[in-house]
């Protein structure tokens, strides 16, 4: 049986991996696959900045449909009707899987929320070099607790307290001074080993991507962590910004090295130790198909449509330019 | 009571208590020889009746399997039921200990009196009834247990012997009683000599004929008054059959035996009286066996017993 | 001994005695049902009946029932009423009640005195042994009523006096769980109601073998009732939760045609109602592929093993392995597919890989059921055909296989029902996008090319969704906002799978009837 | 081996009656083609289709000209294919599992202290927590499905009136088909919540929920298989007992159940197999902590089962880690195989005993 | 050849070709009446022999089921085989069209000549043999197909009629031929009148007796010379039995019919000559039917036919 499904040919562009990056790439894929016409104000926008943020940066003289335009930049011909030149399929697992699958050429793009170097600590430099890193957004990783804990006064923890909880030194909420509820064991919720969120948390909070942790339960995806924390009355968890919901899973403030970081205030700061980059990795260079999609993510339009609404931080323009320089030449 | 009576075939006979309804029976289309007049239902056996059946009808759903049969089965004798296949012999037999209750579609009407009690009356205790009216089936069906356990199964379950762990612990062990019951029953069933040395072997290891005698012994062990047998020898070879036949004749000294058979020679050999059923669940003739085989009243019975059909 | 066999016939039980027993049984069935509704939070613990709180009410009932049992036990023992009670209760009943004694004794010890696990197990063992031996040698009328009656009195007393009330809880030192009254009381009530009902049923028939039968039947009947009720509730629950989503935006009626967007649409931008059409199509293709793979091979193998091969070691080995593989967990097949098949099928998750994995899973079942039904084709058919001078293959083709077909078809349908609901292998080898917009278009994707393998079908080599995976995706990708979508999917999945089962079972019943007509 | 000998052997195998050489040649060509495509597939060659087409052509020709022989050969091939597929899966599992077992040695199945599952850096793979998790959930499930299932089967086959049986039996069989992911969904969304709330559990996803859910799931299977076994006890045996004046219940206890013992235990073993192999419910409910519960019998604790281990980690695994997952697969496979053989053995023993040819 | 011969019971008869081994036969313990001397094996029927059996022995594993039997079965007549259960009647019958080949444990020795050809010789074509020697079984076993298909099954499979889709497409459709075969066979089997209106109904919807006649029609459709029947009426009710018996007598005008029956009256009614088998697979007497039933040579046969045992 044949060897298709490579980045060449008319098959779809496939991505898999991080549940942190998933909201961005999945939204982008929805737009891409719907391939709305240029005059569709709601999705693509008229020439009006107000309805289509970032539209002003786009030079679309032929009024092409959305995917036709972005794919056209890399020389892909538009198809008849609403179908995009190629479709984009985004799977959902976690960063380790994305990195594994992109290297096995099972997908074109591996989404990851931690760097491949952290994710594969044993890999040689040569191996790492085969990955091309496309940073598409930034996350300020929040720490969340169950609503009951928040209501019992835990709105802020210090870095040492969080470390204490995740190394098994603190096991009861009553050991936290601000806590004024009944005696309650702490349910330390973690993400699956191999998820970027977990790796980044260990690296940034515990100081080593392979640091030992003591968690009570590990869930596969950010969404499951969210559900678990919401359904419990004693949980703490680390996750990605997109999944915070102040009513069900409130994010607490963190005091690290004397600075207090609070959601909505300074989590986006580069100094926030738990801030991390969100990556779309390609393997052994970046094909034009991959480039066409990633280019859209890196555009002002993409950042405003796919990154910002999911509560992630947009890349500043100069960083975007730097990332775009890793893409192959555009043909038009 | 049904308005079809046993006497449909015997228009002229007057002794029947439902003669006032005779006009009805003319409408029933029965292939029968109406010229024949006999009075066999008047027939009075010398012994007392152990079982009295009156106006018995059995239906399977809408199927009328037994058609208003009345008969008296005398004590301590062998009564044979013969007739072609499907005529309702087994059904009739199963009425006598209410084994038909196990067939959901079966419906029984009429009365069957065992020792003067109607067993189809409200609160008959089936357990007691079946202890009194034992049954032996067409193909031997010993339990997959030892020979001893097969025989003592009934007494054990009825609580007559107590040989469990508890009994032993309390020093209240009926092992001796059990031994006696087993020996006596097996002796009555003419099996003791053959199996006395291996009472603890699995009963399924016995030959077909031995198994059938074991089933008889099992039935005797609960000390019934009546023993029903449904073609007890039809699955057996000639030698085993001969043994069973001898046994049946012996049993009649103590028990009331009712035997279904499709083998007319067998009926002739072993029974004291014979009832001939014909298709449709009708009892056509019932009389002393000699009479039935040598000089039956009905032509159809004559045809049947001489092998002109069936 | 044989003269003893004429035992006391069941005396027409006296009215009063009967009424007590039936009252005990009736009351305990009520508490049994109330226990369940309380456990399922349908009856609040604050429900009050005639001024009594629910738990007090339970207590009162247990006190009444306990007294009833004790009274009737004694009445029978002293001969006030004629019953058929046995000399001894017997070891079986003794053991059963002994186990209850073990549990009650052990739990009481640790709850009341805070004794650790080992200590309370020891106490429990002692209590259990005492109960077992005591009950076993008691006369039956006492042995079956006293322990249960006393237990009823004790538990009733605790509830009535308020020693155990709605706020009661027990936190076992070694376990993470805390047992609160709202869960403990209904559970204990259910268990005790069963015991009391059992005992009451025995009394009602005047003990003896009839009594034991009555008791056993009541327990078994209640159990069967409970089991079926729970399973049906489960389905009703899914239906109730899923139906609104399934019918969202649905239109039917005169002039409107029928449109159910949930079943005919994917998940797309700018669409009012999203649906699971791609998953339905994915499941259909997976099933078709698996059946095309497994059925010919399976039936072929079954024919060879049953008709041609000599029954011996070879057939025995195949039989053993097929049986073993049929019970092999699906995740193991999935792992095999992930590591072995996926790299060979275009190196990405694909429908084709899913078809193969599910086909492999189905294969043993097809072999087993086909063998069974081919074996059950009466030899008379084969003999009749052979006696007409027809060769073996012709006989198999014209007589054996047609006669075996009903069995094979039924087996395959049931197997399809099972694989259609399998999630694990799909997750590993077929899944891609969790909420796809479009269904795979298999028929439209066949291409003939000049290079090997000459035929290509891209859609077959691409990832797809399937109903069970869609449900899994809802769980992983956010139950929070999409829970309704999940219930809708669960309902459709249930309908599809149970549909296969229902058809399979109905066809089996139909063919059986036809055979026995 | 000379060609003629080969011919003879082929003829023997295929049971060719006539000494027609063209049939043998045809068989040889077909076999070669098929072998070719199998090899091509195994090495992942794109030329797999060529020999396959050749094979199909040979089959077509054969069916046209020598139908009986070709058909027999095809059924033989199907048997071989079945055997080969099953063997392939088995062998592949074991081969893939081997590196991890070699690396960890016996510790893979015995290490019970310290960290038992480390997938990066200093890798450690002990399957003990997962085996324990599987054992606990299975025992819990069978405590529910075993007695309730057998009682349910008794009810349907022996106690229920005909009308009830005719509805309940197919209904229960149908319920056996409810997909495990549906149970998982209910367990994850409803039961988890309920337990957290009412038992003050410190962490969600406890073993007891999985046990409960899997028990419920296995219940209809146990019922319907046990029911088949019980109702296949010959009526003559039951009648034999009843005709002696025993009650129905005495007959069930002393005759029916012992006679159906093999089938009933096979049903329970089948349920055990189901419980051991249940993946999705465990995966979505459990908390995936590869530790032993503390204390060991804490069924409200949280650990991993063999199946959920594989389902949750296959994606991130490579090399030894992947091999360790295969080892988990092998443990599962061996366990269910042993169970399956055991149940077949029991069944055969009892059959022999019932037929009396001991 | 076995050294036990058919003539064990007939010490004096000389016509047998294995008399030189007679001394052996004395050592065989047979319950037989040794005073009886008869010469029935010399018996020559007027018609030509359709089947000649010589020194036939059949073993099931170590079981000796047929004990050196020789007999000639004349053309166009009804030959009945009777004897108690298990004596080997069916086994013997199945030897005549080699259906015993289908039983793995069965081993046949001796010769059976059909129309002068030994069917146990090397390269007998089983298909051809069974077309010539048809067989009807104890219980009716129509295929679960339509009545028409049941009858035309044989001809179709033998390629005598071609009614498949392919034939129709090629304009080579033998529908007419099939119709004729079906009609002729059903008429011969006395079933045409009853089923001609519903040839496409499922054969399983017929009554037992009709099914059995259908099986006979199915057998006739392949135009055999000999028809073997193994208790063809034992599963039927008396009316159906009578029809089958009539049919058998008619068939004998064209075909050689061999019938096994356990019903002696039936044998007496329908057969021209009768062979009596007794336990151990021995042929004890073979003669004109009248002779066997009125004046048998052997006491054992007399006992048997008068119902003293069996």
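Lettered A, B, C, D and E in written order, each chain numbered from 1.
Throughout what follows, contacts are C-beta pairs under 8 Å (C-beta built on N, C-alpha and C of every residue); 3 or more make two chains touch, one makes a residue touch a chain.
Just so it is clear, the model here is predicted, and its values are computed rather than measured.
Peer 1: Count the smallest number of chain-to-chain hops linking subunit A with subunit B, moving only between touching chains.
Peer 2: 2
Peer 1: Would you mind naming the chains that touch subunit C and likewise touch subunit E?
Peer 2: Where subunit C and subunit E share a partner, that partner set is B.
Peer 1: Going by average Cα coordinates, which chain is farthest removed from subunit C?
Peer 2: Relative to subunit C, the chain whose C-alpha centre sits farthest away is E.
Peer 1: Max contacts between which two chains?
Peer 2: Of all chain pairs, the one joined by the most C-beta contacts is C-D.
Peer 1: Rotating subunit B so that its CA atoms sit on those of subunit E: what angle is that, to a multiple of 5 degrees?
Peer 2: Roughly 180 degrees of rotation.
Peer 1: Could you put a whole-Å number on the gap between the CA centroids of subunit A and subunit E?
Peer 2: 85
Peer 1: So, what's the distance in Å between the C-alpha centres of subunit E and subunit B?
Peer 2: Centres of subunit B and subunit E (C-alpha means) sit 37 Å apart.
Peer 1: Taking each chain's centre as the mean of its CA atoms, how far is subunit B from subunit D in angstrom?
Peer 2: 50
Peer 1: Touching two or more other chains, which residues of subunit B qualify?
Peer 2: Expected reply: 127-128, 131, 157-158, 222.
Peer 1: Provide the list of subunit C residues touching at least two other chains, using ranges where the numbers run on.
Peer 2: 176, 209-210, 343-344, 391, 394, 452-453, 475-476, 479
Peer 1: Identify all positions of subunit A at which a residue touches two or more other chains, and write them in rising order.
Peer 2: Each of 1-3, 185, 220 in subunit A touches at least two other chains.
Peer 1: Chain pairs that touch, all of them, please.
Peer 2: A-C, A-D, B-C, B-D, B-E, C-D, C-E
Peer 1: In their complex, what parts of subunit E are in touch with subunit B?
Peer 2: Where subunit E meets subunit B, its residues are 84-86, 237-238, 241-242, 263-266, 268, 279, 307-310.
Peer 1: Could you please specify the touching residues of subunit B with respect to subunit C in the complex?
Peer 2: Residue list for subunit B touching subunit C: 123, 125, 127-128, 131, 155, 157-162, 164-166, 170, 174, 177, 180-181, 222-223.
Peer 1: Write out the stretch or stretches of subunit D touching subunit C in their complex.
Peer 2: Interface residues on the subunit D side: 15, 41, 44, 46-50, 67-68, 71-72, 74-79, 81-83, 85-86, 88-89, 92-93, 96, 148, 151-152, 154-156, 159-160, 168, 170-182, 184-186, 188-189, 198-203, 206, 216, 219-220, 223, 246-250, 270, 273-274, 276-280, 283-284, 295, 298, 300-301, 307, 310-311, 314, 322, 325-326, 329, 332-333, 336-337, 339-341, 344.
Peer 1: Along subunit A, where are the residues that touch subunit C in the complex?
Peer 2: Per the stated touch rule, the residues are 1-5, 9-12, 14, 16, 19, 22, 29-31, 33-34, 36, 42-43, 87, 89-92, 104-107, 185, 220-221, 223-224, 226-227, 230, 245, 248.
Peer 1: Please output the residues of subunit C touching subunit B within their complex, sorted ascending.
Peer 2: Against subunit B, subunit C makes touches at 1-2, 4-5, 7, 9-10, 12, 86-88, 90-91, 136-137, 208-210.
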